[in-house]
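Residue numbering begins at 1 within each chain, and the chains themselves are lettered A, B, C and D in the order written.
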Amino acid sequence: MSAFLTSIGYQHWVLPALLVIPLAGALVIWVHGAVTRPRCAPGGDEVATGVAAAPRGWALATFAIEFVVSLGLWWSFDPGNTGWQSVVDWSWIPMWGIRFTLGIDGIAVMMVLLTTLIMLLAVGGSWTSIRARTHSYYALLLVLTAGMLGVFLALDLFLFYVMWEVMLVPMYFIIGIWGGERRIYASLKFFLYTMVGSMLMLAAIVYLGLAARDPATGLPNFNYDWILQHALVGSTTAKWLFGAFFLAFAVKVPMFPFHTWLPDAHVEAPTAGSVVLASIMLKLGTFGFIRLAVPLFPAAAMSPTIRSIILLLAVIGIVYGALVSLVQPDFKKLVAYSSVSHLGFVMLGIFALTVQSVQGALMVMINHGISTGALFFLIGMIYERRHTRLIDDYGGIARVVPMFAAMLTIVTFSSIGVPGTNGFVGEFLVLIGSFRTEPVFALVATTVVIISAAYLLWAIQRILFNSLDKPENEHVPDLNKRELAVLIPLVACIVWLGVYPAPVLRRMEGAATKFVSQVDARRDAMVTADAQSAPEVQP
Amino acid sequence: MLPLLQAAAAGTHPLQGTAASWLWAVPLLPFLGFLINGAFSIVSAYHAGPADPTLAHGDGHGDRHGTHDEEHGAHGDDHHQVKRHPFAMLTSIVGPGVLLLSFILTAAIFFAMHGAGEIATPFIQRYFSWMPVGDLKLDAAFQLDQLSMMMMLVITGVGTLIHFFSVGYMQDDPGYPRYFAYLNLFVFFMLLLVLGANFPVMFIGWEGVGTCSYLLIGFWFSDKANADAGKKAFIVNRIGDFGFLIAMFLLFANLGTLDFDAVRAASTSLQFGGALVTAICLFLFLGCAGKSAQIPLYVWLPDAMAGPTPVSALIHAATMVTAGVYLIARTGFLFSIAPVAQIVVVMIGALTAIFAASIGLKQWDIKKVLAYSTVSQLGYMFVGVGSGAYVAGVFHLVTHAFFKALLFLGSGSVIFAMHEAYHHTGSHEDAQDMRNMGGLRAYMPWTWALMWIATLAISGVPPFAGFFSKDEILGGVFARAQHSTIADAHLFGISGSAWLYFAYLLGIVAAFMTATYMTRMMIYTFHGPNRTGDKEREHLHDAPWIMTGPLLVLGILTLAGGWINIPEFARFLGPVGALERWLDPVVGASTQRVIAGAAETSPGLEYGLVGLAVLIAIGGIAYAATRLDPKSLVPKREAVPEEGFEKVLLDKYYVDEIYDAAVVTPVVGTSRGLLWRGVDAGLIDGLAVNGSALFARFVGWIGSQLQSGQLGTYAWVLVIGVLCVLGAVTIR
Amino acid sequence: MITTLDVTVPAQLTLALVPDLVLMGGAMILLVWSALRPESDAHQRSVGVASIILAGITMVLVLAWANRYDAGPGPIAVDNFRWLVDIIVLLGTVFAIALSMDDNMRNGIRAAESHVLILLASSGMMLLAGARDLIIVFLGIELMSVAVYALAGLNRRSERSAEGALKYFLLGAFSTAFLLYGIALVYGATGTTNLQLIGGRVAMFALAGSPLLVAGVALMLIGFGFKVALVPFHMWAPDVYDGAPSAVTAYMAASVKAAAFAAFIRVWLEAFPYSYSAWHGALAGLAIITMIVGNAIGLQQRNIKRLLAYSSIAHAGYLMVAIAAASFQGSSAMLFYLLVYTLATFGAFAVVVALTRDGQEAVMIEDLTGLWSVRPWLAFAMAVLMLALLGFPIFGGAGFFAKWYVLEAALQAPVPQTTLAIVLVLTTVVSAGYYLYVVMVMFMRARPDGMPAPERAGGLTRMVLAITVVLILVLGVVPNGVANLARAGRPRIDVDPTLTTLPRRISTAPPDTAPRVADARAAEPNR
Amino acid sequence: MLPEALFFSAVLFVIGVFGVLIRRNAIIVFMCVELMLNAVNLTFIAFAQVYGVAGQVFVFFVMTVAAAEAAVGLAIIIALFRHRQTVNLQNINLLKG
């Protein structure tokens, strides 16, 4: 396989191709929509009239191509090489020191694969649930994909920021146009919340690029590696800069107490929107911590106070999210809060800073993407049938929709972290790794294995089990073949990653180990430098 | 030790190349069964929905009544045409078939092991790397030693019998293949539990059996009570799993490994009685308390009786609930250096034994009696393994598996018969309440006889199996109270010796109660006048042979099970201490460490103790037989409610209610009122988020109010601005 | 030694002003022509076309003059900064005339002289761009303002238009008095009105702390602050923008502001770099309060023109950050920003023009409801423009780079303007509240039944819209060319040879609190 | 002489400012602005005594510009008067918010 990939020069074009394919697909759909617009009644049911066939077909094809192209990364990626791979480095705006640099490491590879898979399935999840303005919808979905992949691939901080913002707008529209009752409030909240953080990050990125000015040319430089080595900032400045990055990423993660946009956005977004939000967008926050915030300012991030605060917030988030999930009447909201809890594990893993915990955090990122994505798909599917997300409106439907029940149960077990499913691997690694450095936090976090079982089992009991006492539930049709096709890959991943996660772990090991050792080393180096009262380096 | 380990690693283990190399197939066969039965279940139940679900509102789906009636079967209370599942025949072959094959393979491995003579090291098979992360190298690996061998025999042996019984018991259930799928999956996980070569693999099995238990308890999920019970079992088990996880974390953080073998090797570096090892053991025991239903986590087990009765027999009596006992035996090398933890285990075990037994005294539901009995017996096992008498504990585990499975299956037969009877007449009476039974001996003689055997066994009447094992536990505790490392330790300032004597005392009292409530159950069920009802009575009869057959086999095992570890004083029965010798490579060293070289108990004392135990058992039976009058009982619907302490016992000391009020309600209330409504919606969202948005709007509102349209205002503002700027530049 | 206003050196005045003079002369001729014929739509349009052609010719002339001609440190600056500002202004002029041709039709305005007034105002702006003497600055401002006063009241049928014009005129004249007083005081403190001489003398004679100079600087700050609508001198802007015809509003919001800012930053960079410590606090304070108040009041607006007015106030705040940087980075950033801002503002007002119906008092945001379903391209363009004003990457095109450049300048300044940068980014978030509201209304609200679709926009409006949107989007991906121009377009300091021998660091303030342009230039790497 | 002239012009300027702030008639407000401009002119003249001709040249420009401004301004006032029949600024507040 890898020989074949080499023969077609795969690693030279794959990363830009991953960005270009969805954009090209979006363009095609957009043009098609613009050309055929007179035929579509705005706001009408385009699925029934057949107008939706072209855009969703195109989207499906594009995402399929995208997925197949990205799949090559699985083989072309060399786990033994801890540097950047498949790098492309093009000039973009030389006078501002901005370059178009893409590259991947083990972490990014997995995130990219997750993204392409989830997006492909998201089309399936939107197939009949998006019935109006389908051209715009699928075009936005494709643009969104390019933005998210761009964040994972960017090796230039400027590019990173641009991509970070680019994904915001499509999501804003997806929630705002195709969302539920309170979609406008939710979409604006999502946008503003994220923007508060990201605008400060913008200032910090500018500052960093200037701090890392190339002595030869005097130009700022935003290259990731370059900044890592050359952006020397004093410890106080570093704390402020870290704060800016922290806010941007913490909102996205979302960490307690920056999480309140999430329940609203999740609940109001259409199915695919929720899936993408949960599966990928939240990961961008934690990815940001791993890629930028922590490695760039190891001394600040890992200074005892800041670290304890973040760990505390993470653990609060873990417990808090679980407890609040317990009492949610709306299943989507429940899953949203459970995301707060799960992502808390990721943060705990990252800041506990052991190889196990970081690897575990990465696994949780992937697992949460799969399990919670699947949960949102399932909620969307039942919502399409009954038009309610309230848990109390269901009850006993396992008898009517056995396949749905089976899928929901498996996915729930994964989300609870039952061993043998993927959920366990991530949580276990995070906790066992964190316990080595932060036993108290890990101990408290571990209690959530109890609460998570409580809230999810209680919820599925009230949905699937108990007596079938509502007449409107008696004739709900079971999942159809398309919906099964969406879910089965996810369920397969749940089992695969639970039983044999080693291939994934191996691919990420290099990056995770590098992260830990680099942060450790640079933290100590910087602390020593500070102790020798290094002068504040002004940009 | 080390060279031997290396030898094992190098593939020169004596079991290499024998039937034991097929070890992987033992759990995999049930898993295969799960896949096949699961496929049967889902394929038959699944009717693909319409391509566009939004437009479909249930029209044209009248043909799905087949899947509507899952709740019936043994529990159903409606008249309906019995309609067997289309895959019933295939399931009946696959479900028990894979178990039988698995048992045969297990037996073959056992004989290979037996033939290989003394095997000092476990036979470890590594299949693939599971979680290789940094210095954490977790393999998917199995470990075969004498302990796991024995557990495998029990699991596959008793499991096979119960599978066969289930064929009869569940045959008319619409969820028949689903049932067998779960049951097969359970056996898979249970085997994983006992075969795992490291803690995490064991933990897969540990939680896997919990999951299956959840699914099976809630098998008839349409009834809220059943679904509740399943959920409760899972969550309470999770509390225990929390302990298990923490114990693993402590082990890994301090010893750097989670492989049993490596931990055993590294445990020598731990300080005897140190805080670390005590903590590890206590957290492990928390796990055991959850899985094995000990105080304070026993509450799920009685509720778990909501599942089909064979499930109760297999999971909630014979196998899963004993996993905690197995875990302590498995990690005996840790417990034996943590005497304080051992005292805790013993005391919790003893308290559970007497506490559950006392509740058992007043239960009317036949399965509830057995459930509390199980809890109580598990307490005994913990007294055994806790006091370092690992063999005794495990021995009781085995015999208990036999007689309790027999009791449950017997009660299953009774319920089956009662249910059939009520079903024929369309009555809605409770088929499990003993007040509705009585005099069944005449209608179900086989069941009656076999259940009496089991009752005598559990009461500790010689020569039935329970007598030997229970006696060994009590004797072991007594001996260790006299002299052992535990006796030398202190907990709360009280010497271990005193604790152990106290435990012994509790054990004796509990034994009396056991005999009493079991006899009570037998008398109310099988003796005296029948209270089922006149019309129903004619339909009562013994179960078909597919169900009674396994009962017979279990009856034989209950009779003869004690022979596997014959005590010194009964050496006339056969070879003494076969089980003890068999398990010696695994637990011998740990046992010796606890005994600390104490001499055997003097024969006189031993005879005295045995005599006391037998007296207690017979006394308990006699007490029940003389004091209880089945003739005075009335059927459930006519019964008057209990009062006073009887009511407290019937309501199980209100422990569930206390937990509800002390834990569940506050947690839910706090989450809803304080965290969600207060912190989330109020503080963060209301005050911080929307508040800052409001504040920005407020500033804007002020500004736009100032924008009055009056030129004069504008000029004033302008001049004020001028003054401010002038002030700013001049005043420093 | 440079003398003030030496009219005997034609190279410093006449030759340097050729493009301006051509525009002025042409405007005069067109004025006569426009008065010759009776008012009619056709006449209005033909004068408009001629005006556009004249503006085009001037632009060609500017391009021809650029880089060709050196005038030394005279009263007229001949540098790239001036030429670039000229181009931005002329671009705005063309847009404004084009929009105003369509807008006049819609509102029934037949006054052909409106285009000529725009040309005259533009010539004032061009004068401002090249002014290196306070007299020229004053003349430029007045030439521009007087024409714009008239433009604001162009719609003689509208009472609102007249009211706006009156407010603008009275307050404008009022603030001009302050500016003039400031000029007088600066003249009194330094004895010259030439910017570079002022700068030199402040340094040479250590005048930075002189009360006369400080008061003069403060009053000039107020005068400029009025022209660019800084809070609290902004109060005329929303009313005037609201009352004036949309095309004129766009012109005022974009070009007037651009020219005023150009003069502003030139005066500050050339004349007052050595009094940094005197003005910086006040200027930064004005910037902060402008950013905050402008955006906050923007949240309250439901009338699009008023919303854009507050938006333009907020943008003035952002641009003040570039001035506060007190570096050539700042002036380059400002040039880039002004170009993008001009494009976005004209685009947005083109949408307003497209939505205007005859006799309608004001275009409210509610008029945009569900615009997407009836005029998708218009909605799309408006969304891009709103995001550009918000400074959003890719979707907002070059709007993001504009902000980026300002941020970079602020943080790269000799004294990094971190506080201002942070306020800038945070108030940007506030501004998202109203920019996104517009987007939301267009895309996320359903158009009510029976609400008529807007009339088809005029060809010129659509052209303006297309050009601005396409330029913004293209510059949002490849800003290289414009960014390079902006970097090259710095005011040139023709250092007076008599000053070179004198010590530069004479100042009453401690040395490190008074950064100088010289420092700024040293900090700027040689490229 | 210089301080006195400066002081006098400053007083004039402030009077003008107060006039603008206090009076409500558009014409009078405009007159006050003119007063301010003339105050500035006085300042220029005073400084011209010290520095030479440039200040005086400036005054000519100011006067010219003021004249032009007056023309436009009065036209605007008349235009408004036609609509409202008043030049009282207090009544002119259509545009606000």
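Here is the rule we use: contacts are C-beta pairs under 8 Å (C-beta built on N, C-alpha and C of every residue); 3 or more make two chains touch, one makes a residue touch a chain.
Predicted, not measured: the structure shown is a model, and the values here were computed from it.
Undergrad: Could you see whether B-C or B-D has the larger number of C-beta contact pairs?
TA: Higher contact count goes to B-C.
Undergrad: Need the most distant chain from chain C, centre defined as the mean of C-alpha atoms.
TA: Max centre-to-centre separation from chain C belongs to B.
Undergrad: Find the most central chain, measuring centrality by the gap between its CA centroid and the centroid of all protein CA atoms shown.
TA: Here the chain at the core of the arrangement is A.
Undergrad: Starting from the mean Cα coordinates of chain B and chain C, work out the distance between those two points in Å.
TA: 78
Undergrad: What's the distance between the Cα centroids of chain B and chain D, rounded to whole Å?
TA: Comparing mean C-alpha positions, chain D is 95 Å from chain B.
Undergrad: Please report how many Å separate the Cα centroid of chain A from that of chain B, as a whole number.
TA: Whole-Å distance between the two chain centres: 38.
Undergrad: Measuring centre to centre with CA averages, how many angstrom lie between chain A and chain D?
TA: Taking the mean C-alpha position of each chain, the two centres sit 63 Å apart.
Undergrad: Which positions in chain C are in touch with at least two other chains?
TA: 166-167, 170, 174, 238-239, 300-301, 433
Undergrad: Would you give the residues of chain B that are in contact with at least 2 other chains, written as numbers and ranges?
TA: Correct list: 693, 704, 707, 709, 711, 715.
Undergrad: Among the residues of chain D, which ones contact at least 2 other chains?
TA: As it turns out, chain D has residues touching two or more other chains at 20, 29, 89, 92, 94-97.
Undergrad: Report the complete set of touching chain pairs.
TA: The list of touching pairs comes to A-B, A-C, B-C, B-D, C-D.
Undergrad: Which residues, counting only chain A, touch chain B once they are in their complex?
TA: Residue list for chain A touching chain B: 47-48, 128-129, 131, 189, 192-193, 257, 259-261, 263, 320, 323-324, 326-328, 354-356, 359-360, 381, 384-385, 396, 398-403, 406, 409, 413, 418-420, 424-425, 428-429, 431-433, 435-436, 439, 442-443, 446-447, 449-450, 453-454, 457-458, 461, 464-468, 474-484, 499-502, 505-506, 509, 513.
Undergrad: Along chain B, where are the residues that touch chain D in the complex?
TA: So the residues of chain B touching chain D come out as 704, 707-712, 715-716, 719.
Undergrad: Enumerate the contact residues on chain D facing chain B in the complex.
TA: Of all residues in chain D, those touching chain B are 17, 20-21, 24, 29, 89-90, 92-97.
Undergrad: Within the complex, which stretch of chain A touches chain C?
TA: Result: residues 37, 42-43, 93-96, 161-162, 165-166, 169, 172-173, 176-177, 183-184, 187-188, 191-192, 195-196, 199-200, 202-203, 206-207, 209-210, 213, 217-220, 538-539 of chain A touch chain C.
Undergrad: Using the touch definition up top, name the residues of chain C that touch chain B in the complex.
TA: Those in contact with chain B are residues 166-167, 170-171, 174-175, 178, 211, 214-215, 217-219, 221-222, 225-226, 231-233, 235-236, 238-239, 278-279, 281-282, 285-286, 292-293, 295-301, 430, 433.
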